[in-house]
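Chain naming follows the written order as A, B and C, and within any one chain the residues start at number 1.
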Amino acid sequence: MTPTPVTIAAEDGQARNPALPTPESALAMRGMTVSYGEKPAVFSVDATFPAGAMSAIIGPNGAGKSTLLKASLGVVPRLSGAVTVFGTPIEKARDRIAYVPQRASVDWDFPTTVIDVVQMGLYRKVGLLGRLSGAAAQQARTCLDRVGMADFADRQIGQLSGGQQQRVFLARALVQDADLYLLDEPFAGVDAATERAIIDVLKLLKSEGKSVVAVHHDLATARGYFDHVFLINVRRIAEGPVETTFTAENLNATYGGRLSATHVDELTLTGGAA
Amino acid sequence: MGTDFVQFSLTPILIGTFAAIACALPGNFLILRRQALIGDAISHVVLPGIVVAFLVTGAVAAIPMLIGAAGAAIVAVILIETVKRLGRIEPGAAMGVVFTTLFAAGVLLLEQTDTSSVHLDVEHALMGNLESLIWFRATGWDSLLDPAALATLPPELGRMAAVCALIVGLMLVFWRWLKIATFDEGFAQALGIPAAGLGFGLVITAAVAAVAAFDAVGSIIVIAMFICPPAAARLMTNRLAAQVWWSVAFATVSAVLGYVLAGYGPLWFGGQNALSAAGMIAAVSGVILGLAVLFGPHRARVGAGRADASG
Amino acid sequence: MSPFLDALLLQAGYNAALVGIGAGLLGFAAGSSGTFLFLRKRALVSDAVAHATLPGVGLAFIVMVALGGDGRSLAGLLIGSAVTAWIGLMLIEWITRRTRLAEDAAIGAVLGVFFGLGIVLLTVIQTMSAGRQAGLEGFLLGSTAGMLFEDAIIIAVGGSVAVFATWLLRRPMTLVAFDPDYAAALGYDVRRIDLMMMGLAMAVTVIGLKLVGLILIVAMLIIPSVTARFWTERAHHVVWIAGGIGGVSGYVGAAISASAPSMPTGPVIVLVAAGAFAISLLFAPVRGVVASLLRHRRFQVRVHRRQGLLALAHQHPIREPFTLRLLAREGLVRADGVATQAGRAQAAKVSRDERRWAIAREIHQDAGLTGRYDGLTPIEEVFTADEIGEFDRRLGAPVGLGGGS
């Protein structure tokens, strides 16, 4: 065993000047530290997600995947760190971002309908009092159609299955017509048909030149779905193109002993075959 | 029914209705945000607010007392938030600690200042004196067109109408923000909407409603107005806009029916003295909620409630 | 000071002594039986219960007068208040079970509506007994004037029963407060235990109505347990500490009230308890504000210091002004952000630790250890000196800055 296969923050030889976020990066973070209480959930993380690609944030439970995403959006406060989107500070680039939160983070008993939720994606554009025109309603319906939910537009959201709820959230992000899509565990607890529908939409987005960053927990599908991976376990473990980064060594470093050796071999093998 | 009604019933009914609507509107969002009891907390601190206002100004005047009550409500909200964050205490207990302490301080201050005139007002602050807000100079429906008579309308009517209009306006302007920040706070923040500020604004709006309503319907019955009409409305529909309309309707029915029952009910049973109108309004709103719980078309829970936030 | 001491030593007269003992007992009972509601995150149920006693008081008065009594028998009024308080409790449970409404809405609705009904009944009573003061307003804010020996007996007996029941039910109640699903799996009837919890609070409320009034009894149920929570991490201790705080507040509050004019008992007791709460909130050793502020500050310094040293080790510029100030203060960087000799040495140590961690995580691939690779835990805390020696052997000789890989 050679002594240095594991890469540590900024020692992997990539030419990255932290002061100058590269314009071709869709999302870049520098020195992100977030803590709940006295233990860092994310410590001093630098990350760069390329534009026009599908990227995954991968790590074990409690490794800070969702926290990293939420902190970069300002949904949870950060102890330190800076975030840029396409080279501009995130606060000035909100119009270019669409966010799909975890399904469990909202009250599905809220009195509202599917089409209403999708139109929430337009609230920033139309402002407080601007009219939601017929065109906007049409736009929302088109996005619902893209996720296969057009027939459910007038349902109360509580009547949807988990997969359908996730599709509604995706439609809400689509209606924002953003350049960067940030998704928090989009495949968690959804059925296989929904998973396929979501990944098809995301691949279509990529083909339109959009960038996608998703928190992802399923190692078996990571290689098939994504171009770029970011491995995290509180610290940044590794990042790069999926072919060179999603390796047994890096996964071991990320998950510690929680993945058995055969499991890792299987993953890399099936991943390679897909 | 003509002159007597205009003289003795018209203005209290209008004031009661405006108060009920002003409370029910923010109540809709408080209920959806699981903050219904902030109304409880606010209404209890009205008492210390008016006592301090009296101590500062030395007079029993409406405006300083309103300001004092509003100030107490804001102090209470800030204290609750502070205790909750700093002490890592769940919101219900934090409210319980803060508002009971402030209430106790209010009672103590009151006892220390020996003025019987304020004492009267405190009973009113707790129980309301809707019945006394009569339009003495009215001579009939035509007084509505008589500037001289209109000038003698009780000032509470104008004040309550203005507050109600203000709250309606705020709800209309911030409708979308409130809706999205209530449904999905994380998404709202990602859109750049100041969700935290909005939440604070909502509580302050509720405080303004409670303070304006307390001298009409009494501070504790305000809680029923915050909660019962919107809660009953929630069981009638699955759409937010429809829910708000229902709540306004229920608030109006409670106010009108409650006042009529309190004022004329005893007469039907051979009694002579009217009952507490504010109490009766609360009771009617409770009956409406009870009927909605029994028969409301959308009373059952359908979606999974908010799961505990997970990282 | 001496009237206060007299009162404290029960030397201030028969009535004051009675009030003092009664308030102490009531405080203990309220503090301990309120604890489980607080731990169950339902503190404000007690608020609804308290307000729901008012119509019962009114009804009992009307019934007793109708039966030919004078309507002022304390026991009768308390029984009436218990009946409507119980109905209020059942309604809260009914609304939350039957509909989509959350418990807070149910609590608020019951509270407001029952209080409203109570006020209506009070106006009925005013018309009934025109000229005769029923004195029921005393139940709003409490009154100790003319407290009778029987009243003290009611408080003493009722309070002891409540404390005994709390002690008896402490295990199932702790279980339900902590993890209702698990309690249900063990075969406990969670609904019934919840009702017993609320029933206990109700009993104390009813007992305390006369002394502190229906609004402030809520404070006596909530404040002691919230205060006690600052001092212990164990549920059973919270119960008795809360009882102690409640008892002392009750007794001391009553003594203060007896020793000075215009000091109503109820509010003074609540303010004494609130004082204990404020002190605990600020100065409790672990959960207190001062302690956690200091801890957070230290934590922040540790994070920024470490992040700064990592940046130095990787020869990245430090851009956070706080980090720069921190390192400059320790003499690790110059004002322009360039590392000093000492800074370079520290950075080299940090850098070496990072490489040690990398080796460690390769050798020890178990989650327990890798989980502590959070950037802040010193490696010396996780591994023994000889283990670290082994990492160093694999790493090779120490290298200077910049010679990372």
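Everything that follows uses one rule, which is that a residue touches a chain if its C-beta (ideal position, glycine included) is under 8 Å from a C-beta of that chain, and two chains touch if they have at least 3 such contacts.
This one's a predicted model, so the numbers in the text were calculated from it and none came from an experiment.
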Farthest chain relative to subunit B (centres taken as mean CA coordinates): A
Chain closest to the middle [Cα centroid of all protein chains]: C
Averaged-CA centre spacing for the pair subunit C and subunit B, given as whole angstrom: 28
Euclidean distance of C-alpha centroids - subunit A vs subunit C, Å: 38
Distance between the centres, which are taken as Cα means, of subunit B and subunit A, whole angstrom: 43
Two or more partner chains touched - positions in subunit A: 109
For subunit B, residues that touch 2 or more chains besides their own: 234, 301-302, 305
Subunit C, residues touching no fewer than two other chains: 100
Complex contacts: residues of subunit B adjacent to subunit C: 31, 34-37, 39-40, 44, 83, 86-90, 92-97, 100-101, 103-105, 107-108, 111-112, 114, 123, 126-128, 218, 220-228, 231, 234-235, 262, 266, 271-276, 278-283, 285-286, 289, 293, 296, 298-302, 305
Interface residues, subunit B side, partner subunit A - complex: 32, 173-177, 179-180, 182-184, 186-187, 189-193, 234, 237-240, 242-243, 301-307, 309-311
Subunit A-facing residues of subunit C, complex: 100, 295-296, 299-300, 303-304, 306-307, 310-311, 314, 316-317, 319-320, 322-323, 354-355, 358-359, 361-362, 365-367, 369-371, 373-376, 394-396, 404-405
Interface residues, subunit C side, partner subunit B - complex: 38, 41-44, 46-47, 51, 94-95, 98-102, 104-109, 111-120, 122-124, 126-127, 137, 140-141, 215-216, 218-219, 222-223, 225-226, 229-230, 262-264, 266-268, 270-271, 274, 277, 281, 287, 289, 292
Residue ranges of subunit A touching subunit C (in the complex, touch as defined): 1, 3-6, 8-11, 13, 18-19, 30-31, 33, 35, 38-40, 43-44, 60, 79-80, 82, 109, 233-235, 252-253, 255-258
